[in-house]
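Below you'll find a set of structures to go through.
Below are two complexes that have subunit A in common, paired first with subunit B and then with subunit C.
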Partner chain A sequence: MREDVKNLKSVFEPSSIAVIGASPTTGKLGNVVLKNILDSNFEGKVYPVNPKYQNVLGLKCAPDVHSIDGKPDLAIFAIPAELIPDVMEQCGKKGVKGAIVLSAGFGEIGRKDLDQKLAAIVRKYKIALIGPNCLGALNPANRVDTLFFPFYKLGRPRIGDISFVTQSGAVGSCIVDMAAYFGIGFAKFVSYGNGLTLDESDIIEYFGADEHTKQILLYLEGTKDGRKLLEVMKKVNKRKPIIALKAGKGAGASKAAMSHTGNLAGNYTAYQAAFRQAKAIEVNSLAELFHAVNAFSQPFPKGNRVAVLTDGGGLGVLTADALEAESMRLAELSPATVKVIKSILPPYGNVGNPIDIIADSGPDQYRKALDALLADDGVDTIIVIVLFQAPALDSSILDIIVTASDQRKKPIFTVAVGGEYTNESRKVLDRYGVPSYDSPDFAVKALKRFTDYGSFLSKKKK
Partner chain B sequence: MPARIPEFALLEKYGIELIPYGIAKNEKEAAKIAKKLGYPVALKIISTEIVHKTDFHAVKVGLKNEERMLAAYEDIMENVKGHKVTGMLVQRMARKGLELIIGGKKDSQFGHMVVLGLGGVYVEVFRDVSARICPIKRQDVKEMLLELRSNPLIMGVRGMKPIDLDALELLMVKVCRMMLEEDVLEMDLNPVIFDEHGYDIVDVRLRRD
Partner chain C sequence: MREDVKNLKSVFEPSSIAVIGASPTTGKLGNVVLKNILDSNFEGKVYPVNPKYQNVLGLKCAPDVHSIDGKPDLAIFAIPAELIPDVMEQCGKKGVKGAIVLSAGFGEIGRKDLDQKLAAIVRKYKIALIGPNCLGALNPANRVDTLFFPFYKLGRPRIGDISFVTQSGAVGSCIVDMAAYFGIGFAKFVSYGNGLTLDESDIIEYFGADEHTKQILLYLEGTKDGRKLLEVMKKVNKRKPIIALKAGKGAGASKAAMSHTGNLAGNYTAYQAAFRQAKAIEVNSLAELFHAVNAFSQPFPKGNRVAVLTDGGGLGVLTADALEAESMRLAELSPATVKVIKSILPPYGNVGNPIDIIADSGPDQYRKALDALLADDGVDTIIVIVLFQAPALDSSILDIIVTASDQRKKPIFTVAVGGEYTNESRKVLDRYGVPSYDSPDFAVKALKRFTDYGSFLSKKKK
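Moving on, here comes the complex of A and B:
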């Protein structure tokens, strides 16, 4: 790993932070950033830097980096682009190893000269640089938060094991907010903007080695170095799943191509090929991204045989259709399982798969059926469909599903379709690490991706 | 030095076999080549000035004997009158089978890549292709085949035998090597006609700059 990539540790786990351009004026970038760092209860030292002030938000303010009484690990830049190279030089001399440049005004508006100047300094001191023109980084465990959005408007995710790399600050912030809302935990988040010296590949490589990261999300609009991205994805995806969303799929197919190939294979084709070659999990929308992420809280299945347990026949059929469309199989139930199911059904009930335990069933019937399915060697995955609307069910059904999932014997996916009451119930399942979906096809699509990745991993191990 | 087709020569350098052919300077040579290849044969004009040969009626296929071949030769020369001509390509007729396209291009971010899909006239209709970044291994080709909707045609459907997968895999790996080593910018082998015994590469388009 390159030295500056290793130094990302100073970005995500700094013991002290300097805010360059710290300001007491509400609404200024240097104010929001400093305020957010203080409000997130960062435990290390915080050094505001600004020649205009003696004090900012109750902290002593240094006139320049050189005068800081101590050595910051991370410097966050909230000053005009023109001024940044000189201050970065000071940071290098001071021994700063991580930098986040939030400011815009570099290559993206044609200032290649500023890009070159800044890159040279950063490389000289092997500083890990995030940006310029970015949202910065988030590490809930270490309470590092450089996102310049107010807390009351943009939720922050809890501590978790998912790390997220995004080029776009806008999409990034929306995903952060949604993750917080759905109760999905993050290990680390980074929006790298222009990616001047550290690009998506470098950050993926770092997350690959990061012990707190179990899953990597990637939002990508483009890359400057596809080969590098492919190699890094190949290496990292063998250990941790990379879930990727590529935006800008239409661009690049050249109508003027002399060959059929040139016409058929646009630039997105190359991205798609790379994801497939690395066995990364490609998703096609933000919704699919969350669907896939959810699945990975579960243990991997041994195969593609699925038992569908439902108290509503129709949803069972829809699920069976979705399974067929994704080439998944309905499991054949063992005689022992059939016996248990028969015992909980009224005499006229039919035992098959999907297992329709009908809407009269209460939590106890679900518990017995789940126990039998967990013990059935012919079943690799269980999809539990719950009609939360049914009068026979109370909220104890949530406890039963969570308890079954906590045994971590087999993946359990849940499907519940409905309105507010149902969705509130689903949220509880999600928070307890049981993936829930509001449509059978979403559940099955996520399960398919999850199963494929699991089988790729087990082949790798052999 | 006999006349050569640079694209063909490049493929041959990488052990990529084309359908048996010869290049004739005149009718007499054409007859000699056709006899060696065995009838039926196809004739195609070789000319840098003529890209879309069919538009000029400069391709004649299924020529069953020498008489018809010579008549076709005359026709073609008549049709391309006024254009600079290097020679006449005499090819053995291709086998009947499944038409695939094997292509390559150089992507600005990922570099050389290969494409495999349903070929011939179906290329633009179904756009059923799978792509990989070069280099690839044989295992990659196996995975590409699984991505194609036309997979059942390749694996054999309704009593049809599967195509020669071994030959396909080797061909793909060779094409990748050529793309990389020769820095090919764009390439079509279309169609490549497969049956259970092998394949015939009928036509090549290639751009290197």
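Moving on, here comes the complex of A and C:
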């Protein structure tokens, strides 16, 4: 691993942080960033730097990096692009190992001169540089948070094992915000923008070696080095799933990507081939990227035989359609399972798969059916559809599903579609590691990708 | 129109309602239904019927239909299937014109004998029968609500112009609940279950003639009469868009559909051909059905040239990808528009389409850009992407978008992805008739269907 890649430790787990351009003025970037770091209860030293002020937000403010009374590990830049190379040089001399440049105004607007100047300094000192033109980093475990969006507008995820590397700050913040909403945890997040010296491949390599990261999300518009990306994906994806969304596929989108981060979006089919070769999991939309997030928290299924348990007949039919469209199989239930299902249905009830336990069913029927399905060797995965709106259900259904999932015998995916009450129930499921979806096809697509990756891993082992 | 179809007026706009099987016991179907009707402030007379009680929920309870002191217009059945034919006969004699049979236990479990008996009576008296085995009807304008799900679990939509005919109560309630959550209004809703004497075609015909209905949603598993469905769709879809979701496409799903409402799901390609021939709008998932709901509230675009306005670069790139995938065009901006965009961007900003006004942009930049795009003859539709999380935005952006949409010059679709704060903002947009989506491809797919239908309509006129 290159020295500057190793130094990403100073970005994600800094012992101390300098905020270059710290400001007492509400709304200014250097104010929001410093405030968020303090509000996140970052445990190390924090050094505001700005020649204009002696104190910022109650902290002593240094006029320049050289004058900082201590040794900052990470420097966050919230100053105009033109000024950054000189200050970076000072940072290098001071022993700074990680840098995040939030500011725009580099290669993406044609300033290749600034790019070159900055890159040379960063390389000389082996600084791990995130950016420029980015949203920076988030590490809930170490309370590092450079996302300059207010907490009340953008939720922050809890500590978890998903790491996300994204070229686009906007796309990144959307996923982070949704994850926070549904209680899904993150290990690390980084929006790398132009990726001047450290690109997606470097960060994926770092996450590949990071013990807290169990799966990697990737949002990518273009790369400067496709071969390097393929190689690192091949290496890492064998141990940790890489779920990738490539944007800038068509001509118009590709042009937009170029002016966004100054990276060529390139030929999409080449990317697609690389994902396939590395067996990385390619998704096709922002929604699908989010849908995959929690799916990969489940234990891998042994095969593609799925049991669908539902209290709403139509939702079962739609799920069966989605399974058939994705070449998944409806499991054949064992005689023991059929017996249990018969015992919980009214005398006239039909036992099939989807198992329609009808809307009169309460939590007890769900519990019995789930126990039977967990014990049934012909069932690899269970999709549980819950019409939380049904009068017969109360919140104990949440315990029952979470308890079944906690046995970690088989993956359990849930589908629940509705408004306020249903969304609050879905949040509980996701918070406890049971993925929930608001359309049957979303659950099935995520399950298909998860099943395929599981089968790739088990073939590797053989 | 057949007499019993005309009598659907008694289902949706009854002057009075009898609840057969009304009960004082909390949780019983006959209790929930009566309670919901009273809680909805239904303005006509309500007659509980049950030989076991003299009073239910403060109302005088009749022992049988014959003894009701008045003439009920609509009868709602919450009693066992076996008892229903005899009571229906009484209803016929009493002059009841509409009936909703919520109870299951008919053809879907093989009781063809009960089906025949009930159908004969209903036909004799020309009663408009909804069901059996259904969730019944909802008409917010007339405060008719037979959905037996508690209000706190299932939101009820406000008064609007969308009518929904669904075979599945579960699928119906999911859409109703989501619509309520996002503040989207409904004209009428009906879950018709087994569709014994009135089927989807009859109800579509009725909605086609209903002055309050501007668009029709259809969820269908199987029909008994495909030719009739095609004919009614061809007739109605010329004036009001029919947005259809067909479930039970594959073999396994088709079997599940059969045991659900006793209807053969049939050959999917035949349905698909019928939708195409009628130019009805076919969607492929529950999510897509909901995504179409608000799209069709917009004024029709003149063509397929789309401008994308965004404060998040990556979201713009993803939207451009989705547009290209759906064969929509990125509009070429007029010199006047380019001038306006240049004036609101920093000096180094790139003017393209997607128009990336970057995350520093506030409401004023959005307003100026929107005004320019509304005036630009080269732009047919505007997709506005809002990163509500961005520090520079406040809630006035909502006014700006709603005001632009209210001019009804061009369709405006919005994309906003995130958690709590973003969802609350999306609700405001949808509530005011601006469709919002939480993935760029969702917006584009809905727009594509809407644009195609608009072009079909304008060709019809020529």
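List of remarks:
Following the convention adopted for this analysis, the second predicted complex is superposed on the first by the 447 of 462 C-alpha atoms of A that agree within 3 Å, B and C clash if a C-alpha of one lies under 4 Å from a C-alpha of the other, contacts with A are read in each partner's own complex, and residues count from 1 in each chain.
Here is the rule we go by: contacts are C-beta pairs under 8 Å (C-beta built on N, C-alpha and C of every residue); 3 or more make two chains touch, one makes a residue touch a chain.
As the structure is a prediction and not an experimental result, all values here were calculated from the model.
Residue contacts after overlaying the shared chain place A:Arg276 against subunit B, while subunit C stays out of touching range. By the touch criterion defined above, A:Ser15 reaches neither subunit B nor subunit C. Touched residues of subunit A, counted separately for subunit B and subunit C, are more numerous for C. With both structures placed on the common chain, the touch criterion links A:Gly226 to subunit B but leaves subunit C unconnected. By the touch criterion defined above, A:Ser334 lies against neither subunit B nor subunit C after alignment on the C-alpha atoms of chain A.
Of the two partner chains placed by the overlay, only subunit C lies in contact with A:Val417; subunit B stays clear of it. When the two complexes are overlaid on their common chain A, residue A:Pro391 makes contact with subunit C while staying clear of subunit B. In the superposition on chain A, A:Pro150 makes contact with subunit C only, while subunit B stays out of contact range. Of the residues of subunit A, those at positions 252, 257, 259-261, 265 touch subunit B in one of the two structures and subunit C in the other.
If you check the complex, the residues on subunit C that touch subunit A are 27, 32, 104-105, 109-110, 148-150, 152-155, 166-174, 177-178, 180-181, 219, 221, 247-253, 255-257, 259-261, 265, 284-288, 310-318, 320-325, 330, 348-350, 352-354, 356, 358-359, 387-391, 417-423, 438-442. Listed in rising order, the residues of subunit A touching subunit B in the complex are 222-227, 230, 252, 257-265, 267, 269-274, 276-277. Residue ranges of subunit B in contact with subunit A, taken from their complex: 101, 103-105, 107-111, 113, 115, 117, 123-124, 127, 129-133, 140, 143, 147, 186-188, 190, 205, 207.
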